[in-house]
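Shared chain: chain A. Partners: chain B in the first complex, chain C in the second.
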Partner chain A sequence: MRSFRLADWQWNVLGALVIIGAWQLYATFANPFFIPSFTRVLSELWTYIVTGAIAEALGHTFLLLIVGLVLGSLVGVPLGLFLGVNQRLGDILAPYIQAAYATPRIALIPVVIIFFGISTPGQIVLVFLQCVFEILIATEAGAREVSGQFVEVARSLRLSRLKTFVDVILPGSFPYIVSGLRLGLSNAFIGAIGAELFMESAGMGELVRFASQSFRTDRVIAGVIVLSLVAVVLITGMRLWERRVQGWRTETFE
Partner chain B sequence: MIGIRKVGSAARVVDLQARWGDRTTIIAGQLAVLVIWLTAWEAVGRGDPLLLSYPTQVLGGLVTMIQTSELQGLFLFTARTFLIGWAIAAVAGLVFGSLIGAFRPVALMFEPFVNALYSTPKIVLIPLMVLWFGIGLNAYVASVAIGAVFPMMIMTITGVRNAGREYVDVARSFGVKGLQLLWKVVVPGALPFIFVGLRLSMGRAIGGAIAAEFFLGGGGIGGAVQAAGMAFASAQMYGLILIIFGSVMAVDIGFRRLWSVLSPVRP
Partner chain C sequence: MTNTGHAASAAQKVTARDVRKVYETRGSQGAPKEVLALDGATVEVRAGEFVSLLGPSGCGKTTLLKIIGGLIPSTAGDVRVDGAVVREPSRKVAIVFQNFGLFPWRTVLGNVEFGLEAAGMPTKERRERAKEYIDLVSLTKFTHSHPSQLSGGMQQRVGLARALALRPEVLLMDEPFGSLDAHTRELLQFELLGILARTQATIVFVTHSVDEALVLSDRIAVFSPSPGRIIETLSVDLPHPRDEAVKSLPRYAEMREHIWERLRPPAVAA
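Here is the complex of A and B:
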């Protein structure tokens, strides 16, 4: 008798079926207010898609995400490189940067509101704060590592400071910068949704908040599913990019 | 021989001196940054106390809040939701993470969903938690736990796999098996990752606690920060934010210390 064996993809499908099946079965007994059925959620999702509500909401969320992330990189990468090369200064500022990195920046929302208002500009500032330290710290770690390893070689080749920076430190730090961008992206995503929930209602945050305030659990879950899918696509894309530029370097930041 | 040793120790002394000098410069620099920052804030803030406030005013606000024991109440509220939610997340993350890490079929079935939810900004689940648990303590705790459970799970999965891959085969070939294998090989191998998981989930848990207080509009330090911001009570707002930052730093540093004491791998 052959033993019971499944291929990997069959296990994947089985997992999805178990989760969806259990959900659907449970929903037939449960109060639909708390647990709407899977098919109910799908139909709400479809309505959201055909009415263009999702596209419109994602448009605002992506605006915050992209502008915030670009600003975060424009500040985080140069500053990280600077502190990574000037290590004494980096050591001095390290505890302050670590402190900002370790703390939940969501707590700064009231401060951001006072200085930048509750609408899109203020929301972009929050997304910026949410990702800039991740990018800065990863870049600084990269520049430090590369300066330690290769700068002696560059000096013995009599490269100028500028040329060392452009030809050695910048390309050497690049994989770390991509790691920082990946971490920054997931954090920026949290910041964008947080901004839309707690500042001026807009985008996906507004969509979910409105659904929850009108007690439509099915619509809330539909919104969560959209966000999960978007997050998976974005983060997987970043991971692939990261793996590509990293080559031999296997350690990753978490 | 003696000459060489002398040269060696002299070099070491010089090296130590240099490093000691480095250390002092860095600490002096760090203090200088702090002093410059506080002085600048005090100077600029006195010109615009409504928005910027200034350190002495912030400190005064905190002292008043401690005297009226308002701060203690806020702190205890947030600390309670944080600790309960974090504990739930740690246990759940450990259990499910171990199952996924140890059994390949379980991983193939459920890991894609764990990864997807790990990437999703959990802040968006707070409205759902409110629908499910109402607006009482349970909703706060659930928001904390749902945010903190995924980093814990991911790190446990990584840890169990890491321990399995590298040492289990070796241990098996020496005849170690069963509970002994688990306790002597898998657990110590996974422990560093589990500690990182606890630390990462701690950060998420505090973020979740604050976000839940923002969403539910009250309770704890996050709610008080929001209320102070709306009332333009800047001194109070900055004071409370500094309390949040200080507490997070304290727990984070305490955790790193604890790990350096408990670590099975001695450096």
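Here is the complex of A and C:
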């Protein structure tokens, strides 16, 4: 007997086909309010795309995502480098940073609303809070690791403090910073959708919320599929970048 | 203070007298804690000499080397290079590190010229100088490789080239072959002797291997276990140039036995 052999991706596709087939079959007999059929979801998704609803909604979501992530990096990266190099200060502040990191920042929405309002600026603040600690902690870990490893070498080569920072700490920490940005990005995405769902309605959050309030489960699922795809594309892109900048760590002797 | 106290030792390149080092570390809960690493170590190294600091791990030999290199301050004692008190890394001194200390994002060339770059040497000149030392350690083919593409032995040759490219008067080597396999280690020991024969540098070499110290050194300073003191300094009167054959000389066996005797911990009372 010949054994049944498939590559991983073939199993992935096969698995997806089986699940979609089962879904479609079940939905033909079920109440479409609870389980809309796969083809129904696809047709709603298509309508969203051709009417430009998706593009418009993603525009707002990406605005929150990008501005929040940029602000998070502008604060997280320099602060992380500073605390990684000045380790005593880093040690003393560590419990506070860890506490902030462990707190579900979605819970801060009421506070953010009071200070910054419910519309786009307040939403950006939420996205910022959602990603800044990830970026800060990864950067600090990198700078700490690199300075521990190289500070004596740099001193023995008589590098100035500035040159040590620019030519040792910065390039050495870069792969860690990119990892922090990847973690920050996935968290910022959660923050952006959370902001659009629980603060002023806008973007993809509004699209999903509106579909949900009109009891259109098919449209809700269509919206969620878009969110998953966007997340997968963003994270994969970041992973590729991460792998690229970490090239010198993984290159092996040939 | 005048120079008279040291005038007599004009030929001394490196002197370390009564060096004491207490590390302030932080224990659990970040509470300050003191650890005595060196308890009055004295060693003098003449210009052009190869002196090994030999002892068990934790005896403070690396600490003494780092103090001589100006990387860490001593708690008490007098450490000088060419009669000048050491306060920070000197341009006369270069260091080879146990874990190589290569910058993984820089190529072999980038690593070797890093110190020259920091010294402000023009690009063309430092590139030529770096290549000269990459040739010296036989890594010409790997000039543009990254350290992760090299074997451990090759990486340490880069470390050696980087230190030598600074044309130091004193070369400090901190267990440079300690993380290499036994075979590579022996090959590099003799290669090192060949390379150093072409420089005038004074060498201070930290090792815990009696054989390594005997093969390489002119003199050996033997450390007691923690906290470190130097219990004996002996001259290695084996012929030069040295190769594998030196290990079969009766004198070699005799010295080896003597050092082992000194390193043996006092018998535990039954």
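Note that in this section the second predicted complex is superposed on the first by the 243 of 254 C-alpha atoms of A that agree within 3 Å, B and C clash if a C-alpha of one lies under 4 Å from a C-alpha of the other, contacts with A are read in each partner's own complex, and residues count from 1 in each chain.
The definition used in the following text is that a contact is a pair of C-beta atoms (placed from the backbone, for glycine too) under 8 Å apart; a residue touches a chain by one contact, two chains touch by 3 or more.
Everything quoted here is computed from the prediction, not taken from an experiment.
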### Query
If you stack the two complexes on chain A, which partner ends up touching A:163: first (chain B), second (chain C), both, or neither?
second
Check your understanding: Of the partners chain B and chain C, which touch A:39 in the superposed model: first, second, both, neither?
Key -> neither
| said: I'd like to know which partner A:189 touches here: chain B for first, chain C for second, both or neither. | reply: first
Inset, instruction - Determine, under the contact definition given at the top, whether A:91 touches first (chain B), second (chain C), both, or neither. - result: both
Check your understanding: A:217 contacts which: chain B (first), chain C (second), both, neither?
Key -> first
**Q.** First (chain B), second (chain C), both or neither touched by A:47
**A.** neither
* Asked: Touching A:119 in the superposition: chain B (first), chain C (second), both, neither?
  -> neither
Comparing chain B and chain C in the superposed model, the one touching more of chain A is B
On chain A, the footprints of chain B and chain C overlap at residues 91, 254
In the complex, the residues of chain C that touch chain A are 30, 66, 69-71, 88-89, 91, 93-95, 97, 101, 103-105, 114-115, 118-119, 146, 148-151, 162, 166
Given the complex, residues on chain B that touch chain A span 25-26, 29-30, 33, 51, 105, 108-110, 112-113, 115-117, 119-128, 130-132, 155, 196, 200, 203, 206-207, 210-211, 214-215, 222, 225-226, 228-230, 232, 234, 237-238, 241, 244-245, 248-249, 252
The residues of chain A that touch chain B in their complex are 6, 8, 11-12, 14-16, 18-19, 33-34, 88-89, 91-93, 95-96, 99, 102-104, 106-111, 113-115, 186, 189-190, 192-194, 197-198, 204-205, 208-209, 211-213, 215, 217, 220-221, 223-224, 227-229, 231-232, 234-235, 254
The residues of chain A that touch chain C in their complex are 91, 149-150, 152-153, 155-160, 163, 167-168, 171-172, 174, 248-254
